[in-house]
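Chain lettering (A, B, C and D) follows the sequence in which the chains are written, and residue indices restart at 1 in each chain.
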Amino acid sequence: MAGPQKLGFLGLGIMGYPMAKNLLRAGYSVTVYNRTREKAEELARNGATVADSPTEVGRRASVIFLCLGDSDSVCQVAEKLLESVQPGSIVVDCTTISPTVSRAIGERFRKRGIAFLDAPCSGSKAGATKGTLTFMVGGDREGFERIGEYLRAMGEKIFYLGGPGMGLQAKLTQNLIGALIFQAMAEGFVLARKAGLAPSSVLEVLQASVARAPLIDAKLPPVLARRFEPNFSLKWMHKDLGLMLESGRQLGVPLPATALVHELFGASVAMGHGEEDFAAAITLLETLAGVEVSEPVPDSPRLES
Amino acid sequence: MAGPQKLGFLGLGIMGYPMAKNLLRAGYSVTVYNRTREKAEELARNGATVADSPTEVGRRASVIFLCLGDSDSVCQVAEKLLESVQPGSIVVDCTTISPTVSRAIGERFRKRGIAFLDAPCSGSKAGATKGTLTFMVGGDREGFERIGEYLRAMGEKIFYLGGPGMGLQAKLTQNLIGALIFQAMAEGFVLARKAGLAPSSVLEVLQASVARAPLIDAKLPPVLARRFEPNFSLKWMHKDLGLMLESGRQLGVPLPATALVHELFGASVAMGHGEEDFAAAITLLETLAGVEVSEPVPDSPRLES
Amino acid sequence: MAGPQKLGFLGLGIMGYPMAKNLLRAGYSVTVYNRTREKAEELARNGATVADSPTEVGRRASVIFLCLGDSDSVCQVAEKLLESVQPGSIVVDCTTISPTVSRAIGERFRKRGIAFLDAPCSGSKAGATKGTLTFMVGGDREGFERIGEYLRAMGEKIFYLGGPGMGLQAKLTQNLIGALIFQAMAEGFVLARKAGLAPSSVLEVLQASVARAPLIDAKLPPVLARRFEPNFSLKWMHKDLGLMLESGRQLGVPLPATALVHELFGASVAMGHGEEDFAAAITLLETLAGVEVSEPVPDSPRLES
Amino acid sequence: MAGPQKLGFLGLGIMGYPMAKNLLRAGYSVTVYNRTREKAEELARNGATVADSPTEVGRRASVIFLCLGDSDSVCQVAEKLLESVQPGSIVVDCTTISPTVSRAIGERFRKRGIAFLDAPCSGSKAGATKGTLTFMVGGDREGFERIGEYLRAMGEKIFYLGGPGMGLQAKLTQNLIGALIFQAMAEGFVLARKAGLAPSSVLEVLQASVARAPLIDAKLPPVLARRFEPNFSLKWMHKDLGLMLESGRQLGVPLPATALVHELFGASVAMGHGEEDFAAAITLLETLAGVEVSEPVPDSPRLES
């Protein structure tokens, strides 16, 4: 590999915008594209070249990052990139999409001599801004080695998980586990609250046990404060659970609790909570139980330890 | 209350035996009873007085600890204690039983002027031996204050949660959450493994995320090693989930994921895993999926970060 | 056995009252008892002898029927009957209770030389009134043969299922299946309705298929009319599902769908529908989906076949 | 429209072959196409014209029936038909596919002046052979009226359900309800059998109740005989439940029991039962419970009524 490559970045949303900014800050030359052009213009002030179309990004850059919304968007953009990206280039998809779809898209790039990696990330908006994301990468190893420096400009922890789709598989495993831990919290705390326990006491007791979980530490405070501004929105979590169920179907792995939580989260989406943080899914259980996980609890004792 | 009380201890099983020993070590006078007398005799060497019946413990002691197996055992022993315990005494039940049953038993003691506290603990055999248990106490506050010094001889963290049954309610909340976190791990790792990911890689990635959990850190190694010696046995976890469902039924709180996990764990109990650690519940999903969560995974990459 | 026996009947509720009346109409001598004495007095006009206590019924009668609410009521009444019923008599429990509890109670009667049969029935109030009930009987065969003539005075179909508890086991199987068929209807019709299909059209199509079910034919009209007067109340159905889950736990049979439906019905009970017909359980799903299974559907076509 | 149209038929599988034959028997002129040409040649003896490609059918016929395997096959065939079918023609898809996919395909035909109807059918191979199928039709009403005579040559009951996709929505509702009734039977009968009841006795009792169901009458005998030759294969039922869940997701209708049964059926597919009748799904529960729903039951009583 000689010298730094020309980079491209498609999709400047909540995650993509600060990620691209970090690449620019690191001194790379980046051509950007966004459906809503304004976000791209903002990055021009940081030195980005603004492209008029995905096709143009494909022509200008040899290492291209995607950070889009869902499988459909990735398919559409890929279709256009396939028209213009040069053999020898590399496409890195940071979107969380179906591993199956990702493998199919990657195959088409590879047939034209273009490397393709799935590299979904976690760490949310804060991590994207601070450059402390975690990347989970699948695809061929040589491609992975070529993009290391760019990923390190955007993130702190970089994992190589194996062949095509493996990054996504790992990322979705994480979300599946996170969703079920949240459901554990929801059922446990709604029951405890209706039994008359103060949520803060239950949390303190839980934290002294092996059943403690950082996700519960993070999600209980917004539940108590009834603040559901999205850190990770319910509709995306619901979508990701759907991708896991699809993966389970294809691989022949039954996922009974995941399927149930998917339906419960789906009910919350249907009731209008899709744009809120996935912590809002607790309101379904609260409604059914006729109780709210909040303080103070009448007559609850002060806890001591 | 002036001066140290005469203590009693009923139930010298895996937990009760080391707990009673710690009371003796702390210098208290303890009368012990166990259905199998040998375990009691062993403690005689540590200074314990061995009683021939629960009734005798009731006559000799004014602060009596129970550490039995289930609601039925507690009911039977309580029946005998009610014949002999003196008004002004205090009975402390460390068994994890139904909060409803506990309240009913406690009511009968209170009517005779005897305080009754539910004080289930967590920390397993190791915590009981080292005296580092966590106690979750329910019942009247004055009673709680009278037993503080004894609990501190057996444990490190002592929580007062409120009125009768509240200690149990908190303890069971912990177990409910632990069981569901385990199911999250089981579904996530079985799917990941069948997709070709190495479990150790998935764990490392998970530990870099908000979905990490001490329970998963603790349970994955024995799963990988296929070692299911009980730390907390599946049959007791299954029983405790049943108690939570009963509690949910009484309080009007639907617990859909808990109900599902209870059935799945029940299936594993029925298939002969009841005496193993509850981590053995993963084998059901493994059987259904035709894969084992073990290493090495053929062709799995070395992970780097 | 020579000649007709003196009969006793305890519990004159929605079912018991018309059942006892049918025994009187058939010419039998019946001593009745009910907690609320008025109901008993009414039957006095039909020739019944009114007793002041269960114990008195036990003294007067040698074939005694129970038709009570739940396991607890049966236990309490059994306690009193054990004081007065003569050896050689027979006690027939028509209440739907736990097979395990029934076996334990029966054992105590049998030890005193009194036969005990579980004989739950189906057919609802209408069947009880017309004498067209179905009885499902468990217990020893000789006892079953002794009560045939009385059951025929109250019902049309009499099944002998085997040893103690087997009648209950069969009855509860029926209710389990009925509850799950109802859930099938609820999920199918709520989805169809939200998709814009007229419920009456879906029913007509369904009736032309192997998936048709008398229970759906019976329950859809009250759902469409939003009339939930109890034929079989949700709280009793919920209780019966709980008994099945207990039975599954004891026998080592996982019942995942039953466990889920039990929680969903429990949520509807918690939301105040317990006294309504179990068809009211559909309102939970309707609330979650934001749609009501009712006619007319805007723009729905007329169906033709 | 004057006079009989030239018909086309694509897909001569288990259902399509006898359906096309019935159209020929009724005297219609039919051009047929099948991937495996032999099946088409067989129909040539009945007077069919054999086409070399879907495109050719599109050129020759003005009323074209599809009877294929899944959404993908329908999409591929539709692509070819769009090249050759004349405006004013009508395409009738009898395949059970996603209502969403069906609407999208239909839209493309309608844009070219070609009517498109979804007309899935039920009645299985026997109904297709005897011409006693039930058709559930969605799409525009005028189109429906134009094809009535042809559907009557293949079926007995023809339902018009409304706009595009409504026939599929109704058909899938039927399958959802059928699948859940089967799960009801599975849980009820496995529990009853393990409790010691004879399956035939339980069936007899059930048939005397409102919980009886033709589907159970049909599926219990093959379960008892352990014969799982497909009438409707588990893999197709599993696929159809997946379509319903997709529909529920799009419409905002949670389907918790359907989602659970989908996972359980999926586990059975993964264990190798996909090609068997969906009644084979009971073996999963039997394995978990360690019992087989079969006769004779040791010591089971003869039933009488």
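Just so it is clear, contacts are C-beta pairs under 8 Å (C-beta built on N, C-alpha and C of every residue); 3 or more make two chains touch, one makes a residue touch a chain.
Values in this document were obtained by computation on a predicted structure and should not be read as measured data.
Under the touch definition stated at the top, subunit A and subunit C share these contacting partners: B, D.
Counting the residue numbers that touch the partner chain, subunit A and subunit B have more than half of them in common. When chain centres are defined as mean Cα coordinates, C lies farthest from subunit A. The geometric centre of subunit B is 51 Å away from that of subunit D, both derived from CA atoms.
Subunit C and subunit D, compared by their mean Cα positions, are separated by 37 Å. If you average the CA atoms of subunit A and of subunit D, the two centres end up 38 Å from each other. Among all residues of subunit C, those that touch two or more other chains are 248, 252-256, 260, 264, 267, 270, 288-290.
Considering their complex, residues 242, 248-249, 252-256, 259-260, 262-264, 266-267, 269-270 of subunit D touch subunit A. Listed in rising order, the residues of subunit B touching subunit A in the complex are 99, 122, 134, 136, 141, 157-163, 165-166, 169-170, 173-181, 183-185, 187-192, 194-197, 201-202, 204-206, 208-216, 218, 244, 247-248, 251-258, 260-261, 264, 285, 288-291, 299-301, 303-305. By the touch criterion stated above, subunit D contacts subunit B in their complex at residues 256, 260, 267, 270-271, 284, 288-290.
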